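Both of the next two complexes hold chain A, though its partner changes from chain B to chain C.
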Partner chain A sequence: MTGKRSLTTYGIAFLFILALNFFLPRMMPGDPLTAIYGDEALVAMTPALKAHLVARFALDQPLWQQFTAYISTLFRGDMGWSYFYNASVLKVILGSLPWTLLVVGTSLVLATLLGIELGIESGWRRGSRTDRALLTGLMSLNGFPDFFLGLVLLIVFGVLLGVAPLSGALTPYSGLSGLALVLDVLKHMALPVAALTAAYLAGGYLLTRNTMITVLKSPFMLTARAKGLSQKTLKYRHAGRNSMLPVLTMTGIWLGRVVTGALFVELVFAYPGVGQLAYQALLARDYPVIQGVFLMVAISVLIVNFAVDLLYPKLDPRVSYAR
Partner chain B sequence: MHVSLKKEIKQSHTGQAGLIILVLVIALAALAPFLSQYDPVQQSATSLLPPSISHWLGTNQVGQDIWSQLLYGARTSLMVGFGVGVLGLILGILFGVSAALIGGLYDKIVMRIVDAFIVIPMIVVVILVAAYIRPDLAVLILLLALLSWQGAARVIRAQALSLKEMGHINASRTFGASRFYLAWRHIVPDLGPILLVEFIYDVRRAVFIEAGLAFLGIGDPMLVSWGTMMHDAMKFSYLNVWQWWLVPAGVALSLTIVGLTFVSHAAESVLDPRLRGGAVA
Partner chain C sequence: MTRAGHLPLKLTVILTAIILLLLPACPNGKAPTSSQIDSYTIADSTGDWGYPSPYAHYSRGPGYVLMSFVFETLVWKDATEFVPQLAYQWEYSADDNSYTFRLQENVKWHDGADFTADDVVFTYNYTKEHPYQWVDNSIVESAEVLDKYTVKLYLSRPYAPFFQDVAGAQPIMPEHIWAKVTTPEEFLTPEAVIGTGPYMLADYSQEHGSYLFKANDGYYLGQPAVREIRLVKVAAEMAPAALKAGSVNAASIPAEVAADIEAAGFTVITDPPSWNGKLTINHHKEPLSAKEFRQALAYAIDRQALVQVVFRGNAVAGSPGMLPPTSLWYNPDTPQYQYDPDRARQLIEGLGYSLEDGHFVKDGQPLKLSLIAAADYKDLGQFITQQLEQVGINIDFQTLEGKTVDARVGAWDFDLSIYGHGGIFDPSILQRTTLGEGFNSARYSADAELTRLLQAQLTEMDPAKRKDMVSQIQQLYAEDLPALTLYYPKSYWAHDGSLPLYYTRDGIAVGVPLPLNRMCFVD
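Let's turn to the complex of A and B:
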């Protein structure tokens, strides 16, 4: 599966994303200005502003020139202006990006590591009670949508037990600093991270378990056993390490899921990240921000996928020989 | 490939559990008018009632019967899920088999497109599109199907390529069978288990995305949906209404997806016999 995706593939994906972002607002019925700049722009509309907005995306020109204008503004790093926030889209997004990165990064690392570890244990003792319990439990957990898991955690720990904060990423106006601030951040991110980790744990687990079962049957495991290696060495160094590779391949695809999962979970916890931003933008029909978030998420997923594709043959030399 | 799919699912405990859950959800959806006397969209002056004999799960913020919404919500989820699954599968077979049989430049172009779509995060695309056009049921199914067929096409193409070299297909070709006849009579029927796994995968994702869109409030506002129920109920999470409003909707959605996961896991062991046997669930 990996190693075969070429630059062309990513080129096509990239073009599709740009084209969607370009054509969607322009195909909408009604004034394209609203669809491109959002409802809020209309409120502030003056003839001078209107002329400026039309000129900016060359809206009085043929479609082809509009597209060129769109691409060239994008490549200058200009993602547009949000009339809702009265700030550039890039700035608005960068303001909430760190929170999302924090939550997504932590969850992705936790889910992957925990998934691999549980997968190794489960595959090693396949058919045992532990294995069956883990398999059934995690497969069930996999069915719970991330936002429902978030809501359940919020109700149990936030509302019923009252041990976790109900919303936000920081206690407002607390003026905390140093260690107290770190603890406050950790406390606020605990539930969102728990929800995301639980929702994505099963992916890595199932894949590791399946690979583990296959790897355990391969001849080199027999050799390793015959050499008299300890159980621990067999399990982690020989079988485990080989079972981790497919998980890496999937990280790119999972990143996409965890990021979109974060969109939903942030909404549940009113966590001030990109997801919350996107949700507010959806409510306010602040199209520039919606487009900006879409572009950023889609492109970062493509970049990670591409990086994994490049990295994979280095980690598993068999892939490059096979080509 | 001579492993019975039926037997495999029957032998697996989780596979059985999954089937039972799915049959239950389908039955609830089909029998909805008999199981509840209320119209799920009928509003009334009695809002936010706790559960009682007349309203099993109480009423929501505009006085709609929650039990009735739960039943009709199953219809929405199943329609979106199976609609997308079937449509996606048809497109997947069409492109996968044709790419394998025609080959050449056509094959290359189709596979490039397939690869490109596999790396694009689907939910994000759907959210963007839904932000502009609030899709109704039919448009949503169409949109999801257009974004779902690529996985199936890739697997089907690979399988069709290996089937193509088999004896009986060569024999059929020498008897003068057309490409279409070959595809329809000899290749598609042998794709059984793979198609099932891909089908369930698409169904599951579609059910999830429909609920997710409704949860974000960008679904069809006219549609009764578990996602919409959770969206509305979330605003009242400070009251105790979540017990009979939010939780049932969330559990129904989760159970449906869990049921699908269990069945597809059992079906997967047909595809990869190495995973079979033992006391594995």
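Let's turn to the complex of A and C:
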């Protein structure tokens, strides 16, 4: 695929996603007014207030008009105003995003690296005691949902041992700064990161191990062995490198989930993040925030896919010859 | 504080039990040593309730309560009654249907400006132009300054719940700041949180869901008892551990841990019924349109058993007249429909149905009803299904996403549904949830006498006469059953005893059932 053509493909995908982002949330049953005020019988939803809100959110305009308005404001860099949070969507998302990136990003990197390493070891020594122990251990770990792991960690380290904080991303109003603040943040992120890493780990591990086993059987490995290469070179440069391709693809796909996938861990640890933001926005039918979060996810997935596309030929030159 | 975003109930119960078994019992309920407390921390599972200005806080009870630390109303409520706030004296004149309020003369806004009658009149005029989400001010026809510290509000018609719904709920805003604000929802500067209240906002973090309030030393009703109030976000399941660890002073706690927390030396308080869990009935559709059929449903569902089975006793069985037995307006003669499946069958047979193989049939058609509810109500829905099946009604129970249920109920696209709402304090709630137009109202006007009484009680200014009307309303409501009140859930709060937290009579302002009345934090 030439660079130009692939860029066009990405452009079309992006526009398509924009349209989906706009129309899908609006096709859900329920509307923002009943969602925002609906389950509060205490709110005085007078006809005057209703009219005021409809006009403010531009809900009285035809859908296509709302859409063109959305697109034109978007291209001016304005993501809109949140119905529920009563703040600009960009500000709302930027408030939560760093925390998500910090916790989920760290977990994903750790899980991918660790998964590849363990997968290579396991596949290389297929059937050995180490392999069986790793396989059983990681498979059972994979059976637990991330929030369950989080709760167990929280109960052990937070409640019983009292060494980890019970909630949040930092100690509010502690007056900490500098190194103490960094330590505080690290302390708060330790358990969520551990839970997420454990939850993500098995995927990368199993995939690497599987590919490793297949790769080990291929003729080029026989050739490599026949050349008398060292075990280390065989394991990492020949087999390992080839086993990384599917994991890389998978991590690329995962990144889309990164942003929203940590919802349950966020809930357990009362950790700020985009997962909760998206969940709350869905409940409140806060279209601008839903659009904003999804748009961000879409863009990051597109970017990562693009990066993976670029990285692929480097890892496996056959990919470029195939074209 | 919120119902959304919690872990599945069963998991929560199991985990809470595990946590409790493992926790060492370390009493932490220290007695107050001095009248001044440096810092008081409240745990909340949601944390973020919006910027605490009248127009920016989220439309949820806790959002209002946090705003009320900063902004005050003309009158306020303590644990038992209405008390003076910005107004120290008031009188009602039936002749011109007006209230005259005498205002406190030594009140200053947080920025040092004087509070005067102009601010009150400004607030009522401003909210006409920019409706405030929590107060329906349309009843106030005009507001007039009589002198610097006297204000007169003219009502368009007599309105019995005026204090509960308007004077005790409308935050008064400073004219010198808000007069120039044209889009109040987007006014989020530090100026937007200048009020007269005992606390000033020092920090708010949307993403961390935390608030820091500092005492207003010039407060006209005396020095606040707590120098600093913090609200921090703690997952509901972790609140008991946070209390025991001493990192928070007060928190809402799951019902299952109440006894244990109390044993650990904390004060546990529970609110009087404030929330109406009900069976919503499509009374437009046969056979649900027949009063007798709705009564049969009431006889068929054992509400005492429901409270025990579904809520493990952490709820009160519902009264078919909606208002709970603890209400001052409660009518003890309201028909109760004690559990009686035989009576239920008789009533259904009276409508031309006959039992075949344990299920009702009419004209060869089986009696089949759908029940839809949000996933939160799964256990309750299963219980109701079982009870109605026992009587012979075929029930198709489905859980759906909450807003989908709301939309279908709104469009009358359902048979039965489960729903709940707060605010069952002032009888005006009966009118709103019976005659209102939203999906959360039964939208029932088939009974002319009930409709008349519901409207009339709102304008009856004589409390005794109004009570009579409300008694009749409960009677009629229970006979007609536009909806069936099933239960009133109980909620629990625990605190370390350093401050005497209490539940406000009829809820804070319009009826927020939280023990965080700002008066608890003022001497």
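One rule holds for everything that comes next: the second predicted complex is superposed on the first by the 230 of 323 C-alpha atoms of A that agree within 3 Å, B and C clash if a C-alpha of one lies under 4 Å from a C-alpha of the other, contacts with A are read in each partner's own complex, and residues count from 1 in each chain.
Note that a contact is a pair of C-beta atoms (placed from the backbone, for glycine too) under 8 Å apart; a residue touches a chain by one contact, two chains touch by 3 or more.
A quick note: this is a predicted structure, and the numbers were derived from the prediction, not measured.
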Inset, instruction - Using the touch definition from the top, say if A:Met139 reaches chain B (first), chain C (second), both or neither. - result: first
Inset, instruction - Considering only touches as defined above, state whether A:Lys187 meets chain B (first), chain C (second), both or neither. - result: neither
Inset, instruction - With the two complexes superposed on chain A, say which partner A:Tyr287 touches: chain B (first), chain C (second), both, or neither. - result: first
Inset, instruction - Using the touch definition from the top, say if A:Leu154 reaches chain B (first), chain C (second), both or neither. - result: both
Inset, instruction - Determine, under the contact definition given at the top, whether A:Thr8 touches first (chain B), second (chain C), both, or neither. - result: first
Inset, instruction - State whether A:Ala169 touches chain B only (first), chain C only (second), both chains, or neither. - result: second
Inset, instruction - Mind working out whether A:Arg125 is in touch with chain B, chain C, both or neither, as first, second, both or neither? - result: neither
Inset, instruction - Name the contact category of A:Met28: first (chain B only), second (chain C only), both, or neither. - result: both
Inset, instruction - Check chain A for residues that touch chain B in one structure and chain C in the other, and list them. - result: 28, 35, 147, 151, 154-155, 159, 264, 267-268, 279, 283, 285
Legend entry - Of all residues in chain A, those that touch chain C in their complex: 28-31, 34-46, 48-49, 52, 56, 81, 84-87, 92, 95-96, 99, 147, 151, 154-155, 158-160, 162, 166-170, 172-173, 264, 267-270, 272, 276, 279-280, 283, 285
Legend entry - In the complex with chain A, residue positions of chain B that touch it: 14, 112-113, 115-117, 119-121, 123-125, 127-129, 131-133, 208, 211-212, 215-218, 230, 234, 237-238, 242, 246-247, 250, 253-262, 265, 272, 274-275, 278-281
Inset, instruction - Could you please specify the touching residues of chain C with respect to chain A in the complex? - result: 4-7, 15, 18-19, 22-23, 45, 47, 50-51, 55-56, 58-61, 64, 130-131, 133-136, 138, 165, 185-186, 188, 203, 205-210, 212, 230, 232-235, 237-238, 241-242, 245, 247, 401-404, 406-408, 410, 421-423, 429, 432-433, 438-440, 510-512
Legend entry - chain B-facing residues of chain A, complex: 4-5, 8-10, 12-13, 16-17, 20-21, 24-25, 28, 35, 126-127, 131-132, 135-136, 139-140, 142-145, 147-148, 151-152, 154-155, 159, 210, 213-214, 217, 252-253, 256-257, 259-260, 263-264, 267-268, 278-279, 282-283, 285, 287, 290-291, 294, 297-298, 301-302, 305
